[in-house]
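Labels A, B, C, D, E, F and G are assigned to the chains in the order they are written; within every chain, residues are numbered from 1.
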């Protein structure tokens, strides 16, 4: 399972699967986290809003992924169970980091045991507990917090633009604008309300999935 | 299990099995979903109506598949159990998308675990909950909603013709006519009531499997 | 498990095992199904009637197979359990198609899971529920209804002759005569009451296995 | 597990193991079955009667095998359990064919599942239910009834001599004489009461294992 | 699993994974253990304090690791369970060595059994029972006590500097200063309070994780 | 698992392991069985009597083995359980042959199932039930009775000498003398009371393990 | 698992792992057993007394090992459980040989079953029951008693010196001196109280682990 240089081949290959996925972006703004995702729908008769790239996990936490669609949906289903179970057992919501760590444990096993392949996805988990939080998980089950981050095919371009454009305590509106400018650049102007998802997780307000109408106002 | 470029070989090969299957078409019409399937019966003494390509899952939902016959029947058997269980547990019918997602979870496991191969089928799931819905599932367990879609050997030709001929809120009758013109083109005029299935899922009326007599009126 | 072109090697090889088996024929006649099977007994001291090629499953359903003998006997043993269980649980007999589909599910698993090879047999299942029915199952677990059909080494010749000689609503006697003329052709005149089985499943009368005496009258 | 031509390599190789075993013969006589087996004891200090080649299964049924010794003993142990269980559950003795079929099911699994090799033995099962019966089982788990049959290294010679010498309804004495003449031919005159087993299963009398004294009278 | 020279390849490769991890240092001081770890954060928008490299296991014991992140988190989660269980069962805290040995047993299994790869991490476990203790565990599950030790990519440089700079019964302040001078050397002056962790485990005081403010005072 | 010629490679290789073991001899004498074994102790500081090559199984039965030491001890441990269990369940001692057959069944499984290798030992089981008995078991789980037999590296020489020297109903003393002359020949005069075991199982007297003193009287 | 010459490759390779371990020595003296072990600590900051090479199993029995550290600790943990269980179940202490044999059974399984590698250790088990006993166990699970014995990298030199220097009924002091002279020779004068362990198991006194002070008196 280990290669002679100490790397795990299957994990490295799974990261390639992520590099082929559509781009997702997460930005921590003042009192909010913004998640934005491109949906790579090229078939004219597909119904874009059936491709969900950003998911509500609980009222205070959402997630987007890049990579193998069915792996993504499977992990998100696990996340929802974990946060719900925590609510029921402890009568409180889990911290965003705890949720990220629990999913990392789940994904770690797929890198260590035989008879199962690693998950072919990266995740951006955004949420609010004491403050807005954004975590990235990769196929190797590593997680790390970010102020702003991107996953998927446009990761490199997106990160360069985020580094230039990100400001601490930027407003939610500015964060959305920054994200849209990045997705526009990556997709060469083909961005539309139909092929993207935007969600915000705001303090007191919680998780909000934008309607197409709301998205179109930002384009 | 992953190849160096991040793809899953067995899933890619399973898609070839789908490309060799007879063509199925799904069209969302006004207040209905139309499912149509060609049955590739070339043996003169075969009894075409024993080849079922479209199946009633529940009163509000049907499904057609392309690919390995026994895989298709197995998955459809699972679908029926899922929707029935939901009915009994929650005293309500599942949304079409929930059913599609549950089958996707089932098919996802066959792509991640050792000791089992992926399913060699694509599915078109059509149904009505708040509105008419059509979903495609492929061997990689990806699902996506469509206004109109095709799977199997004629997928490419069918999709081109659907793009040209599909209109939003087209009548059920027009959808059936469009589907038949496509299947006729793909099968070079050899289409007959004996080698095709048509089913409609209509609002208030529910699932209806057409008799040969009814099909022949459209040819 | 899938080859690059989407086929399943082990299933393809299992079909070769069937092609090496002795020929069986099934014909739907007026109010009956006729099953006929050649028994490839070349050893002079073998007792032909201990080679059973056609089996009573229940009073209304019989089955014949071609291919690996022990696989055939194992599947037939499963069939008997399924129909008996159905009788006990539902106080009614299963439809012929339901029985065929249940066996197909059993055989499907042997094509999808590791640690087991596909069954090296094809089956002809004949029975009467609302009307006479004949189904073929192959090693890939596909089943299909036929008016008349053949499996095993003589399949090609048999099917050509069935296409020429089969008539809708032909009498049971005519169906038997047609079947015998085919088996005679395949076996170059070496057919005898000792190396063949004939069974009929007739409406009201049910399953009947012919004695050698009865068979000899048709030769 | 299947080779491209539809054969099962491991089963074919297991048949080679049988071809290297000492010869056993079974003959159906009038109201009896005769089992005879050569014991290939070449070591001068071995105690031939500790090599048992013919076994009592129950009062009405015996068995001999050729091939891997420990496989033979294991299957015979299973046979005894099956017939005893049948006696206890149904208060009657199993038919000889039923016993043969049950062992065939046991041996079939060893040809279909991974993690186990096929049995390297052929069996001759002789017994009396309504009439004397003789069945051969091979490593592929095929069983077939015979009037007279042989397994092991001398199978070919033995079968030729059986075809010439066998008569329907021959007396038990004649059957034993025929068998002995065959074993003498195969073993080039080295046959002795010490290196062979003879058992008869007679109507009303049941299973009888011959003593060396009794065997010597026939040599 | 063993190579001809008696080494375990997978364990050797796993040690390469550790050699690629960021450097951690442990120093036993007078009445304390100091753990220090570099966090290899090169992405400008990452939030360094979400990368935890030193963890509180219990009030008297902490741990840092180098190597595969998700393996590290998994093992630390096991450690916490072990020490908590010991507390509950025996109403006392485990000795530091006992904890190290229990984790070694866990990691040993991953080197001996099939279907699982060795852990790709080394650990430095520091704690106080009767006196301050520091243990290193490597992927081969070997553990050994040290006065001062380092793991990860800078291990060689760090060990040379520790040998020169370490004094028995050095003060906690001196130990921290020594550690920082090492991490500075390894990281060529790029060390900052944002990319390192420091924890001390002191007699009576117990485990203390330094805030960025506290760390910056030492730089 | 089978090779094309019907042999089992792993069993053949296991027999090589036996051929490398020290020689053991068994002789059936008048009213007794003699077991004798050479202990290949070449290290001067080893304590020969800690190498046990002959074991008491029960008062009426003993066993010696050649081949892999730990396999031998494991099987002997199983033997003791089997005979004890029989005693407790049936209030009588097992026949020697039954014990041999039960161990053969145990060893047979190791030749047929995956995930386990055959035992690398041959056994000589000697005991008295109605008369003195001696059985050899080999790695293929074959067992056979002998008047006199040898296993291990000196098997060939020993068997030649046994054939020449063995007499039916020879006295126990003569049997011991014969065995010692053989072991002396095989070991070129290096035989001593310290590197051999002798046990006798005598009628009425039962199992007796000779002391070094007693052995030395025969040298 | 067997190689064609009847050896077990994995066991042979595991013995190489032992040959790379630090040397341990065991000597049976008058009314005592002496265990001595070199600790190969080359890192200046390592704490030698955290490397334990000799372990108390129970008051009357101790053990030292050479080879893979984590395998050694795992087996010693099993030994302690075995002797404690024996005490509780039988209200007496196990004989030293019984303990050795039980561990041999544990290690034998790791040589016969798939999915697990052999243990990469040899053990010297010393104890007193009726008299002082010393046993060696190797990776092949063979055990043998010795008057004096060595394992690990210095085995050959140590055994030569033991043969020359060992005397029956030598005093404990002389045995310790002999062992120290050997370890000094093997380690070229670098032996110190810090890099070696000495334990004695004496009649009436039981197990005693020497302190560094006590060891230094012998150097």
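Observations
FYI, a residue touches a chain if its C-beta (ideal position, glycine included) is under 8 Å from a C-beta of that chain, and two chains touch if they have at least 3 such contacts.
Keep in mind the model is a prediction, meaning the values are calculated, not measured.
Shared contact partners of subunit B and subunit G do not exist in this assembly. Interface note: subunit A and subunit E, two copies of one sequence, contact each other through mostly non-matching residue numbers (shared numbers fall below half of all numbers used).
With centres taken as mean Cα positions, subunit E sits 69 Å from subunit D. If you average the CA atoms of subunit B and of subunit C, the two centres end up 31 Å from each other. Contacts with at least two other chains are made by residues 114-115 of subunit D. Beginning with subunit B and heading toward subunit C, the contact ring passes through the chains as B, C, D, F, G, E, A. For subunit F in complex with subunit D, the touching residues are 1-8, 97, 101, 104-105, 107-108, 111-115, 135, 140-149, 159, 162-163, 166. Residue ranges on subunit E touching subunit A, taken from their complex, read 10, 13-20, 41, 43-47, 49-51, 68-71, 73-74, 77, 110, 114-120.
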